[in-house]
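In the two complexes below, chain A is the common chain; its partner is chain B in one and chain C in the other.
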Partner chain A sequence: MTWHVRPDLLERYARGDAEATQAYSVEAHLPSCEHCRGQIAALVDAGRLERVWDDIEEHLDAPRRGPVEAGLIRVGVPDHVARLLGATPALRLSWLLACALVLVFAAWGASRRTEGLVVFLALAPLLPIAGIAAAYGPDLDPTYEIGLAAPMHSLRLLLIRALAVLVTTTATTAVASLALPGLHWSAAAWLAPSLGLTLTSLALATRLAAPAACGSVAVVWLLSVAIGGRVTDEPLLVFGLAGQLTCMLVAAIAAAVLARNTDSFERRGGIA
Partner chain B sequence: MTQATITMSDLRKRYGTTDVVAGMTLSIGPGVTGLLGPNGAGKTTLMRMLATVLAPTSGDLRLLGLDPADRDERTEMRRRLGYMPQEPGFHRHFTAFEFVDYIAILKEMTDTRERHRDVRRVLELVGLGDVAGQRIRKLSGGMRRRVALAQALLGDPELLVLDEPSAALDPEQRMRFRELASGLGQERIVLVSTHQTEDVAALCQRVIVMHDGRAVFDDTPAQLSALAHGRVWIADQRDPRAQLWWRTAEGHHRHVGDPPPAAQLVEPTIEDGYLLLVGPQAADARVAA
Partner chain C sequence: MSAERSDVEVLAAVADGDRRALRVLYDRHAPWLALRLARRCADPGVVDETIQDTFMAVWRSAGRYSGQGDVGAWIWGIAIRRLIDALRRLPRAEVLVAEVHDRPCVEEDVLLGVEHGDLGGALSRLSPELRAVVQATVLDGLTSREAGRLLGIPAGTVKTRMMRARAQLREELA
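Showing the complex of A and B:
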């Protein structure tokens, strides 16, 4: 080695003030010159060095995001919420495909027989509550016990996941509705029941385990559809105007119950 | 750091008609405290109550001066707690880094850069820095155990509740765990439930032995060994009158209890004391103790 970096240039480089071409030259020189490395070591600000290392580590170690997480961040969801949702079983690709498959078959049935439309409309609101049943609980969430000991409230975690499940199943069902024969108001008649059943399941989850709460709501819903159709000989009775208003009312009451009983969600688990 | 403690008074947990924890009254301060006991003694139930995931049936419990029955105090308590359950579950499609990052989010660490820094720190502490990017399903049982330990260390908690943390660890990993836990115990309360008497001897300043939901011993590991002082013998033949005996690797017979004929008295270990407390005929020994 026949030359060394000028001390003033080393100082500027260490401060981060050197011009780009000079900085490249210093960087090319340093690996092969022990003398200059020794000179610059004393000039480097420890705090700045730590920040640079931090940046490098963050760049190298930060986890690669899966398609669900990456997509959520792209639409503006904060990265920590996206990670919470990434662990939701009901947002896994396999689950979403299963939901899509159920809806495709239901829409196909509706296009062939009149009763098929009732099956489609009765089935669609069950998808979000099935997703919620699988979103949280000691048998379904492997980190349930560790999560209980963490400061984030369990109900908040369930609500975040429930909202994501509701959005994805609503979008999937809306697309499937387009395949129904003839565009009619009834193609959207699952929307209010969907909201009502979801909120009722969540309200009930403050008293029962999520799968039991969702299962109970599903049974009551299917019985209502079946009995309503039989008694009046009008299969779409539950999906008419009165049914829609009832579902909205149930949704509002369930939301109020949920807001009043947030603490009992934890108490139900024997925690408080 | 404050000299905070765990205090419990007549603490009970009942399932049906059985008191799994049957009236524990204790105070635990900073340092490493070992919880020993046979299966079904109530250790895990007690640990779960101390980790605020299970409510006591009755009795008084204060964790770091906070009441876990109160919602706000319980949340505050959880911010200062690290918990490793006996059978930790994992999202197996996550990498080790992603999993610990996920738990960090549940611990309210929302600043990404700060959270990632802490995730790297705890993975390095348990010796998993090099496999942080590997999926959990590809890690060995011992490595998964260390991932579970790493998440408990997030946020540098004041109280660590570790349920069988050294299970499935190989001897080298166990040594690293002891080194880590003893360092942590200098300023924090570290409560370790274990079946490994060697861990208690090497690590704990205090040992509590549970049996049938009660604390039947509460003192130093040396005192637990001392329970068997003058009662451990080596003989060439088995004595059927012995309270406990087993054949050693050298082909001798180690007896715990009254001296067999032509036996040689030996120094007791912590395991001898423990077996006298919870083994067959243990009730007599407990009365004597």
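Showing the complex of A and C:
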């Protein structure tokens, strides 16, 4: 390209004073002429372009959103909550797949024998508390230190994540229940125990580390299922009406304890 | 260091994730983009935002440059569409299309037009509304719909104005 825009026209164009048809010529010429682009660059406020560049770098440095986080934001969850949920270990695909696998095997077992049904019903409520045990704590949570320093109540973080875990595992279990033989009431008998165990674990987590709290609840639960079945010759005893009501009662008590102990939780700087 | 590298080479480096190459491209193209965008949108904040969006898009889709045409023209194609997106997010009243509102002095334009020969003169004698449409569709390469969004008028109006502009130019150049 041998033709170049006259310097005075470039200056008028940069000031916004160039007459329309001349401006058209300049604009048609610039995309393909490195020389004139270089000339005109000197006429633009460099500080302003530097600020825009800083913004660009900031955006390039920002971490990319994972599929979970992006999906939550699309549904209307606020950014910061979505980020916290996205970092929840129990919302990772590997975790959800593991849950689904456990449930598939349990449901398959349940379709064979009554003992299989007991195993399914005993396992299903354990999934959410396993998720909660992993949802918060120095060992498994990648954002644990950030969470401690964040201006957010540790209990609130735990509750947000517990809710997410409860929702996802409940949905998975509900789907698995449909695979049980004959749609019997027992297909939903894990719901109340699930709620009871979750709330008890959370209440205990105000005193103990989350894995310890969830672990002891799980042990007590499995013992009561086993003993209840042995003592009375009725393997589904724990899941009968009395058992369901007990679970509800335990859930209510645990919720009350949790509500009273929110302060002690924060004083200890979260669960450690 | 990279003064000898052509735009195409630099863009290929950007596609490979080289951030310094993006900076080279930015230094070469952001200044004229800023000026050209400013002629289509009077709000410097929107222009800055558009430049930012444009180079973010270049960073992400550098690999999609086909190799046809100037890299500068390719970047401009992204920039003008980002500007339209940015304008769509704004309430209409805040947007001033500089080209339409900044030229009250038609007489001077006509005189200059004579000075610069037939086509330039004929273009200059178009009303500012018709000229804005010619600029958006011919020079910026926008579709009627995109031009309508840029200028804040319906796509149908863009088409009728373009027809009128063409008729007037044909008459004057005949």
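For the reader, a short list of remarks on this structure follows.
Note that in this section the second predicted complex is superposed on the first by the 198 of 272 C-alpha atoms of A that agree within 3 Å, B and C clash if a C-alpha of one lies under 4 Å from a C-alpha of the other, contacts with A are read in each partner's own complex, and residues count from 1 in each chain.
Throughout what follows, contacts are C-beta pairs under 8 Å (C-beta built on N, C-alpha and C of every residue); 3 or more make two chains touch, one makes a residue touch a chain.
Note that this is a predicted model, so its numbers are computed, not measured.
Look at A:13: by the touch rule set out above, it reaches chain C but stays clear of chain B. When the two complexes are overlaid on their common chain A, residue A:63 makes contact with chain B while staying clear of chain C.
In the superposition on chain A, A:22 makes contact with chain C only, not with chain B.
In the superposed model, A:77 lies in contact with neither chain B nor chain C. By the touch criterion defined above, A:87 reaches chain B but does not reach chain C. When the two structures are aligned on the shared chain, A:119 is found in touch with neither chain B nor chain C. In the superposition on chain A, A:30 makes contact with chain C only, not with chain B.
Looking at the shared chain after the overlay, A:98 reaches neither chain B nor chain C.
The contact surfaces that chain B and chain C form on chain A in the two complexes overlap at residues 57.
The part of chain B that touches chain A in the complex is made up of residues 48, 51-55, 68-69, 71, 74-76, 78-79, 81, 83, 85, 88-95, 97-98, 101-103, 105-110, 112-113, 115-117, 120, 132-133, 148, 151, 161. On the side of chain A, the complex with chain C involves touching residues 13-14, 16, 19-24, 27-28, 30-32, 34, 37-38, 40-41, 43-44, 48-49, 51-53, 55-57, 59-60. On the side of chain A, the complex with chain B involves touching residues 54, 57-58, 61-63, 66, 78-80, 83-84, 86-87, 141-153, 157, 263, 266, 270-272. Within the complex, the chain C residues that touch chain A are 7, 19, 22-23, 26-32, 34-36, 38-39, 44, 48, 51-52, 55-56, 59, 70, 72-73, 75-76, 98-99, 102-103, 108-109, 112-113, 116, 119-120, 123-124, 131, 135, 139.
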